[in-house]
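Just dropping this structure here.
The chains carry the letters A, B and C, assigned in the order they are written, with residues numbered from 1 in each.
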């Protein structure tokens, strides 16, 4: 196993690097798009149900189906990694929109009414009161989206996009177990690191939840 | 590359020969796909439900139940498939094993979360009224936990349906065959057909399972919101959604 | 009759919740366990139906040791009402009420019919039968909880702070309904509350427990108010226990002045009667306008009511009436006070 790793170091690292940007960029894109849409779904309650239903619909579609149909829609080649980014951004967006909406809904209540009565204007209240309170829930959703994306990227090796999944295809073609194990381990490690990073960020961003909770 | 006109993409789907007749591929692959999906979810449920109920009821081994959901999500589905093939060989068995392994975590963690989310006062009342432990579990806790349990089952269903598609890479049947065969012969109409069919199947399965959920879960429990942020106990498995025609607890597909 | 015989409950970690409690809960009466947090009242209650097991000592119901019986079957013979009702959200109201009969094997139709009847007994409308708990208010849910406890017609009922989770207005009506119900069914009831006023209002017997699970006093509400066993009890009952004790004394032996004395007064507030002798109100001579009487009392009413009427009246006196409403006496608040003093002097 060790030999395999040292011999193929560059291939492995290349695959890992590809995997990182293919999985994390969509998280950013999806999150950035989900925030305003999730907010709108709360601000205009009529939008909530359709938004949630649409998101659910998108999220039901198997990733492979998206990886293979988006190229036609976007006018890209099937092999183009941007398909993967687009597809995963769509998933992340679908997942996080509902998370953002539900998180904001769950913090509506006495605190927000108090803020309103104190004289907060809507935008300031959103940014200064509601978002911080909704943070734990939204970050929980972010963790789910990130970890899912990291796993989904390897599916795109099916269509030939280079990433850690290429190690799986290699292993299958050559009947070697080593690349497969390396690929799985790295993928899980990447997921674990990102998960821990988000938890750490949550810890730093929500000091009030650290103190006094018994 | 020139963008081929959309009509060509539908060629495979619109070809009657693929739908009717002895050699019609679509019904055959469709059936395979559905059958494998349902069978694997049934097996996974048979494993995960009792374990989840037990851990939830006794609260021993909670750490396992909470973390198995997250761990399962982190496993690359394609990697697991490949691993099983290398270990077991080609054929349907490695795929079934991989699918079962992938479907157990969401069901297990959702079942555990469901039992923990039950109102303690209702459980205390059940014990105080004279229900025996098994009666408390099945007459009180489970019905109240059903929304979350169903969430896990539906999540697993979609997970398996999606991964079964990928399994075509290792020679599995099902709708994924259209994808891989089409890719290898540059028959993009076939690829498109496979993608559309599997997407529609997934959505249909989700709809049907939502209908089953609505039929099985008591209206009195449905009314309680199981949205993120509410409920008796927060779960660590991330956001869960239940009564929408949508997957829950974000699993990879 | 429920008997506690040197019952002790010590939790691992050293906390003694109940310490050698011995007492009897008489049949057909409401015994209230009351005390501050940590006095072991809920623990004592839950040892009766064995949802908590004693560390030592025995609890018997009608002579039979509860620990010798099958726990689940024992509990089906004991009605159990808890705070927040603990209704099953997944069952309709009528199915909730019918829970224990169904567990006992009664057929569904019969159980549901019995349940529907109980629904009206606890003061709820039949139309609620097929609703779900989430559609009912807190007060309604609590009533369903009581109905559920009564469904199998158990001789004994345990009630753990059943009225604490609702607002004061709802609580008062629930307490009154409960007293009415008990007057019809006469169960042996063990009731837990942290509210001494509720205990005094509802209890036939009151057991005041001290932190650490010791019985400080066991007696009737009147005993507890008039003769608190020690300073802890006196403090717990509260500063105005003397005034509250007046609720338990009636106006039967109270001497009244003749009505004419207050009707014929010339230089202060006088009483105005109508043609049939019923009191209309007070009027100050010269101004001619009438201040209506808030109410009158009969000889069966409590001294607390009489005192209250007297001290709020512009004449400093309350008006007694017969069953027909005809004024037959007036008593000044000084007279009430003298009456009380005389009573206290003759007690000791």
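Quick notes
FYI, contacts are C-beta pairs under 8 Å (C-beta built on N, C-alpha and C of every residue); 3 or more make two chains touch, one makes a residue touch a chain.
Here the structure is a predicted model, which is why all the values come from computation and not from measurement.
When each chain is reduced to the average of its Cα atoms, C sits farthest from subunit B. Chain nearest the geometric middle of the protein is B, using mean C-alpha positions.
When C-beta pairs in contact are tallied for every pair of chains, the largest tally goes to A-B. Rounded to whole angstrom units, the spacing between the C-alpha centres of subunit B and subunit C is 55. Inter-chain spacing, taken between the CA centroids of subunit A and subunit B, is 19 Å.
Subunit A and subunit C have Cα centroids lying 59 Å from one another.
Across the assembly, subunit C contributes no residue in contact with two or more other chains.
Here subunit B touches subunit C in the complex through residues 119, 121-132, 135, 140, 143-144, 146, 217-221, 223-224, going by the rule given at the top.
Against subunit A, in their complex, subunit B makes its touches with residues 1, 3, 6, 9, 70, 73-83, 85-87, 158, 161-162, 165-166, 169-170, 176, 179-180, 183, 188, 191-192, 194-196, 198-199, 202-203, 206, 227-230, 236, 238-239, 241, 244-247, 249-253. Across the complex, subunit A meets subunit B through its residues 52-53, 55-57, 59-66, 68-69, 72, 75, 77-78, 95, 98-99, 102-103, 105-107, 137, 140-141, 143-145, 147-152, 154-155, 157-159, 164-165, 168-169, 171-172, 175-177, 180-181, 183-184, 187-188, 191-192, 195.
Taken in their complex, subunit C has these residues touching subunit B: 46, 49, 51, 71-78, 80, 82-92, 99-100, 103, 132-135, 145, 148, 158.
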